[in-house]
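Just so it is clear, A, B, C and D label the chains in written order, and each chain counts residues from 1 on its own.
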Amino acid sequence: MPPRYFTREELLAAPAGAFRWEFAVRLQDVDAAGIVFFARIFEYFHDSLMDYLEQHGVSMPRWLADGVVLAPIKHAEADYIAPLRFGDRMAVELCRGWVGETETIVGYRIVFADGGRPAAVGQTHHVCVDRAGAARAALPPPFADALRRLPGAG
Amino acid sequence: MPPRYFTREELLAAPAGAFRWEFAVRLQDVDAAGIVFFARIFEYFHDSLMDYLEQHGVSMPRWLADGVVLAPIKHAEADYIAPLRFGDRMAVELCRGWVGETETIVGYRIVFADGGRPAAVGQTHHVCVDRAGAARAALPPPFADALRRLPGAG
Amino acid sequence: MPPRYFTREELLAAPAGAFRWEFAVRLQDVDAAGIVFFARIFEYFHDSLMDYLEQHGVSMPRWLADGVVLAPIKHAEADYIAPLRFGDRMAVELCRGWVGETETIVGYRIVFADGGRPAAVGQTHHVCVDRAGAARAALPPPFADALRRLPGAG
Amino acid sequence: MPPRYFTREELLAAPAGAFRWEFAVRLQDVDAAGIVFFARIFEYFHDSLMDYLEQHGVSMPRWLADGVVLAPIKHAEADYIAPLRFGDRMAVELCRGWVGETETIVGYRIVFADGGRPAAVGQTHHVCVDRAGAARAALPPPFADALRRLPGAG
């Protein structure tokens, strides 16, 4: 089965899942327009994924240092629903997952921590390659296992 | 006509257009994996758009300071084709555009400055709103005019 | 009494203080040389100060939104002692303070969370000005009170 | 002769030198307080130094890829004189230099491109070490030569 990207609606309607990464918007995340600069949203997505993996026994720093495989991003996208401002307390929910042989898609939803109103949704598509970047490689088992615990990925 | 996002293939095949924003990958744009961090690609897209607008008489700083309208991003996406490394000399081409009454989509292609091999494509979808963020607003004429000069947007 | 900057040695020898802000080095904090980019250290300093103030009842976001005063930085410096790498678990200690009528200096020490070996020390010097930026202003009492609780600032 | 840091006054009074790196403040360089976030100033310093070295035949990317030595930063500092806002057209002047056997200090002044009013001054102190980071190493000749062309470093 080839991967399929989630729609905005699917990500908005997805269950919260077991994992929730909380953060507060920093002074320097906001730009001259007074709201979080759109590219920062992708950093929030990524930071939450790193923390999720760490909590599931996949240490990306060790993986990078020792590793035989890498999982670079092939596609990333975000839909912006409500602006984020300095000090806003938010949570990233890893609300959807898809896991294939050599690739994975992770779906994210950023919500206001108090009340759960959605501010953004999005996804990142990762493809496993060998260290030379020359060939596709299978997702390492602990990585695939962690991702299969995401809503819809089992 | 409702907006439609460009496909990866359309962005890869699009003409270069008249505008080209050159840059070199900075030390701090690269992450611990040795390649440009994926979220930086969106900064390159945005920096090139600001420069394009400036060159076409639309000063976003003045617009923000004086302005009655804002053009926040509703959707952004990128496809990553080749990794970028420290010192790589690149160019962003604004290779596609779509302009509606109150919204616009800008398509980008990042290529290696020497040779033109593509490294990434993507798009940002902006929606004009009044200063309170409460209602849609028409794209200001100089802004719409600049965007209509993008390939496919006329 | 005019402000005096702390020396590298004073910051290294200072007590840890009551506050400690823990973090892990992110993928994107590291640059093409494989270590944390030097300017990120200042972000760690600042993030820890914001969190310290928040925990002492000073909400900088609210202060900025409502505020009659601002506390821009007049001087910042850092000494780099050991490189930080992706995944390193660190702590920022607010280890020294100096509080005057209209200005304050905060001293920081970044240590490896496990073992306490120092990686960097530094300081930021803030000057309170009125909202127009035209005149010096007294440090607001809750802000001054929080800062006076730093080691050496009482 | 041991290195000595430049004073704020020395950096303000130093000649402009032959090199000038121009830039415009980006939307995302500005923070929630409406002015450039203080840590960005260090990125401007560093970006200008990389460009200066490149123009003098020292390609830091190639040096990093091939290199036997590294020049990590031991100390960095900045004095903030005037706030920078989105769209401000600025120039970094490499206005002072000091070159020793194994280390160097570079002095910077950021001025408004139109008129030359200073906005910030600062310096970075780099120490050359072998690739393992274990021992001091001599500054490679092309690197030392480029730095000796800075005002006061000859």
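The rule is simple: a residue touches a chain if its C-beta (ideal position, glycine included) is under 8 Å from a C-beta of that chain, and two chains touch if they have at least 3 such contacts.
All values reported here derive from a predicted model rather than from experimental measurement.
Enquirer: Based on mean C-alpha positions, I'd like to know which chain lies farthest from chain C.
Expert: Most remote chain from chain C, centroid-wise, comes out as B.
Enquirer: Per the definition at the top, count C-beta pairs in contact and tell me whether A-B or A-C has more.
Expert: A-B
Enquirer: Centre to centre, by mean C-alpha position, how many angstrom separate chain A and chain B?
Expert: It comes to 23 Å between the two C-alpha centres.
Enquirer: In whole angstrom, how far does the Cα centroid of chain A sit from the Cα centroid of chain C?
Expert: Inter-chain centre distance comes to 30 Å.
Enquirer: Enumerate the residues of chain C that touch no fewer than two other chains.
Expert: Within chain C, residues 27-28, 32-33, 39, 43, 46, 61, 64, 85-86 contact more than one other chain.
Enquirer: For a test of understanding, state which residues of chain A touch chain C in their complex under the given definition.
Expert: So the residues of chain A in touch with chain C come to 24, 26-28, 43, 46-47, 50, 59-62, 64, 85-88.
Enquirer: Over in the complex, which chain B residues touch chain A? Could you list them?
Expert: Answer in residue numbers: 32-33, 35, 38-40, 42-43, 46, 61, 64, 70, 72-80, 83, 124, 133.
Enquirer: What does chain C use to touch chain B in their complex?
Expert: 27-28, 30-34, 37, 39, 85-86
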